[in-house]
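Common to both upcoming complexes is chain A, partnered first by chain B, then by chain C.
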Partner chain A sequence: MRVVFDLLRTNIEFAIGMFLLAIVVIVSALSFVSPYEPDLIYVVFPDMPPSAEHIMGTTSRGQDTFWRLTFAMRNTLLFGLSVAILSRILSLLIGLVSGYLGGAVDRVLMSINDTFVVIPLFPILVLFYFVMRDSMSWVGLAIIMACLGWAYDARLIRSVTMSLRTREFTQQSVFSGMTTRQIVSQEHLPYVMPIVFSTTMNNMNWSIGLEVTLSVLGFTNINTPTIGTMIYWANQHTALVAGVWWWILFPVLMVVILFIGLFLLAVSMNEYIDPRSRLSRMKGAA
Partner chain B sequence: MTTLTQPGAGAAMATPDASVRPVLSVEDLRAYYVLDLFGVKREVRAVDDISIRIMPNEIYGIAGESSSGKTSLIKTIAGAIQPPLTVVGGKVHFDFRGKSIDLYSGAPADLDAIRWRHLSYIMQGSMNVLNPVRRVRQAFIDFAARHIAAPSRRAFEEVVVAHLDRLHLSPHVLDAYPHELSGGMRQRVTIALATVCKPEFIIADEPTTALDVVVQKRVLAMIREVQREIGSSLLFVTHDMSVHANLCDRLGIMYAGRLVEEGATSDLFASPKHPYTQHLISSLPRIGDRTPREGLKGTPPNLADPPPGCRFHPRCPMAMEVCRTVVPPFVTAGKGRRVACFAAEPETIPDGIANATRSIAA
Partner chain C sequence: MHGYGQYILKRLGQFVLVVFVGISITFFVTHLTPIDPVETTISAAAAFGSTSPEAIAMLRETLRELYGTEGNVIQQYVTFWGRILQGDFGPSLSAFPTPVSELIARALPWTIGLLVTATIIAWVLGNILGGLAGYYRSNVLLKMSGVLAMGLHPIPYYIVAFVLLILFAYVWPIFPLSGGYRMNLAPRWDATFILSVLYHSILPALSLILVGLGSWFMGMRALVSNIVTEDYVQYAELGGVNRRRILSRYVMRNALVPQMTGLAMSLGAIFNGAIITEEVFGYPGIGSLLVDAVHAGDYSLVLGITTISIVSVAAAVLIIDLAYPLLDPRVKVA
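The block that comes next holds the complex of A and B.
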């Protein structure tokens, strides 16, 4: 907790990132008090510009843009988080085991890892959509993306663990009779956690970006409100041509805020992990 | 703080008493680094034919220059070897109170049972044995809790705090991260960590190397104190002869993977028999003596391809014809002394070698 306050005080990127992320989280949280059901259409007058009653206007489908956006933001955020958490679990497991055990286990796991690194993601995801069609929920998509998104970070964690394996404290742990599971989970896991936090942000950016891309093109379940599907429906109703600019602008604005927020957090986390840049920035503040 | 006693205080230990059984007996131990690179087999003979006995309550020092196999030897003794280091032959036998074990013939589970509780190992570079992201308290729990049969976390912590108190360390160190402690402090915490289970046998690999002399003295005093208090044996390794002179009851000198001389520290310093020991001791600075120290020419041999005969002969000023071909046996030479040198023990020269005693020194 103290770390967060120190960072807020000394690291401007972290402070801005936290602020932007807070906006996104508050908007998503507002979906719980929404006056409108998310799935209903034509509940308000369509195509109304922003006004006191509808602060972001209404869509051509007769939905309030702001309240629709709260649901979309919540789903997008949840999607990004679940992909990040699932893929973190995979990359931690594979990276730690591969790096610590080494030898044949390492070679096998890293061959699989490298296969996933070179797989072209976008065509695979489109292929999944065409195979699964309507049974493709956002949970299914999250699981598929998590299975595709762990490889880079597993390699990163593996390389850190390989260096930890040769440290004295690992040898001491082996000598004291700790099992492999204990060494990996008690000694090495805390060491790689900051790296995991930092990569979580990048991974969320990556997965949200891909989800938006897929949704805009209509390759996901378009009835689930997400930022991507909102833009998809806006395009379907030719919102820009019809002059309903607020239908496009606000979702794009929100996703840009989310991206910049996560990016700034990842950058400041990276800086925090590297003790040299941390020291030069904090100058004895911590 | 206790003052360090002068060598000789423990000289009584030097003569093996028949009624007391040694805690550790190493017999003809050979441990090689067996490398198989691209089909080319290489053996690096880091530990070659070493026999040592260490009595209860004794401090045994192992001295020798870098790459003479000191660390390999004690890793083998501690049972902490990893490939490519492999035991090729010989025996390591521990005889603890109520528990004896052969290290390289018993089951691995037995080894786990004696580690830490009976046998602990202060590793080389031991300032880094604390995980940088874990608090010191956590290190105690991780490494030692399983070996102390404490009924609860709280009881275990009391044991730890009592032990820290005995070593004049504040219980506050438990809440610190390793980087918040100074080097000497970390070293002392490491020693506390290794001795918290009151092991009967402690192995210390260069525990004072990275410290300045003032801290070094404090750490040595602490090691000595804890050794006395627990009544354990200590196998102490360093290349620093002055540390050995201050601490050890008996001393073994290693050269190129073999023991070349062994004896009570005071005897060894007073009358070194092996030419290598003589050089080691004469290289020490003495107060008031301003004569330049003479260095030993050459470097230690490559252990992958050691010279035949005595491994010291290419650098030895007293080398003879016989030293080139025959390995000098490690024989008893006086009370509690053993030496492996034909020049020191001419009786050990085998018969029938032409010009055996002709000098070959340049």
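The block that comes next holds the complex of A and C.
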């Protein structure tokens, strides 16, 4: 907790990132007090420009843009978080094992790892949608993307574990009779956690970006409100040509806020992890 | 030369593995899901347009063969590979009876042309600017471009492409809304056509470059600002070596090595971006073909594109890997 306050005080990027993310979280939390049901359409007059009653106007499908956006933001955020948590588990497992054991296990795991880094995921995700069609829920998509999106971070975690392996405290743990599982989970995991947190942000950016893209093309369950499906419906109703600009502008604005917020958090955390850059920043602040 | 041979062998092995895993995923996606793709496809195709009974019978046969619904899973897997190794994905359903391979062959040059140009421009420009920004730290202009790169970097391709399209083709229409060349122009190797292609590619290429630039810029800047503190750079500076020479020969050259690996690693993601860009700008490449194929329920085309995508990305990575020793002579020795 103290780390957070320190960062807020000394690191302007972290502060801005936190602020942007707070906006997003508050907006998604507001979905719980929404006066409208998320699945209903034509509950208000369609195509109304922003006004006191509907602060972000209404859509051509007769929904209040703002309240619709709160549901969309909540789902998008939940989606990104689920993918991040699931894929963190995978990358931690593979990174720690590969880095600690080394040798043949490491070589095999890392060739698989590099394979997953390179494979173009988008066509594969489209193929998934193509086969599953509407039985593809966002939970399903989250699981699939977690299974495909762990590789890059597993490599990072592996490189940290590799350097930990040669440290004296690891030798000591081995001599004192700790099992591999104990060493990895009790001794090495704490060192790796900061990386896990900072990659979480990047992973969320990645998965939400892909989800938005898939949804905009109509390749997810388009009836679940997410930022992507909101833009999809707006495009379907040719919102821009019809002059219903608020239907496009606000979701795009919201998702850009989310992306920049997450990105700034990741950058400032990376800097915090690297003691060299942290030191130079402290010098600058002093 | 022994070290180089071993290196090449290893890269080839990685190439085979990427193709193998990618195609296997494709197989399992299509075979282990509870939905019967053959009947789904046929009903979609029948709904899509007028199809004669013979065509449907032929379709069902081709699809059964392609999915290999006869035999057990292992036999199906072998049949699947046989098809793919021959590059034979059967006829397309939405453009019946044109073979899938022909449709892909027609679209592929567009994608590769756009992608290769945009990637190279983004990579070179990002590295040069990033290198300069890392070396001349107090330059205000370079600092500003750093902020811009940081701001653009986290925004997904789709949003950037979409905003560019709105700004430069809709609000201020100086670029065409969609297409790869002017509508009533016949594809020919003459000046008008080539100019038209170039003109139409500016906006899609720009979106790819803008998004790609940021990560190369930041990567290079971080690398360079680390290398600058190394002893050999300080020694060269004290020895009075020309600053420009230090930057290009001592700093950039060393920083380019990890950036090259980065290029190979991110190629899959760049390819994803290109697919999306094409759809936004209505560019006649693989991406547009894929989206149309999904909407038309054209199974063999979707499968064909997925396979070709995996193989071509793997091949591109292999090419970069093979060129890598030119940049890093240590690989040859090791």
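List of remarks:
We take it that the second predicted complex is superposed on the first by the 282 of 286 C-alpha atoms of A that agree within 3 Å, B and C clash if a C-alpha of one lies under 4 Å from a C-alpha of the other, contacts with A are read in each partner's own complex, and residues count from 1 in each chain.
Quick note on the criterion: a residue touches a chain if its C-beta (ideal position, glycine included) is under 8 Å from a C-beta of that chain, and two chains touch if they have at least 3 such contacts.
Computed from a prediction, not measured in an experiment: that's the story for all the values here.
Partners chain B and chain C, once the complexes are superposed on chain A, both fit on it without clashing. In the superposition on chain A, A:25 makes contact with neither chain B nor chain C. When the shared chain is aligned, no partner comes close enough to touch A:16: not chain B, not chain C.
Once the two structures are superposed, chain B and chain C can be ranked by residues of chain A touched, with C on top. Once the two complexes are overlaid on the shared chain, A:78 sits clear of chain B and of chain C alike.
Touch criterion met: A:115 reaches chain C, while chain B stays clear of it.
In the superposition on chain A, contact is made by A:191 with chain B only, not with chain C.
Within the superposed three-chain model, A:219 lies in touch with chain C and out of touch with chain B [touch as defined at top].
Our summary of the superposed model lists a minimum C-alpha distance of 12 Å between chain B and chain C. Chain A has no residue lying at the interface with chain B in one structure and with chain C in the other.
Within the complex formed with chain B, the chain A residues making contact are 167-169, 171-178, 182, 186-187, 190-191, 193. Those residues of chain A that touch chain C in the complex are listed here as 111-112, 114-124, 126-133, 135, 152, 205, 208-210, 212-213, 216-219, 240, 252, 255-256, 259-260, 262-263, 267.
Chain C meets chain A in the complex at residues 13-14, 17-18, 21-22, 25-26, 29-30, 33, 35, 37, 40, 150-151, 153-159, 162-163, 166, 170, 264-265, 267-269, 271-272, 275-276, 279, 290-291, 294-295, 299, 302-303, 305-306, 309-310, 313-314, 317.
Of all residues in chain B, those touching chain A in their complex are 78, 80, 112, 115-116, 121, 123-126, 128-134, 139, 142-144, 146-147.
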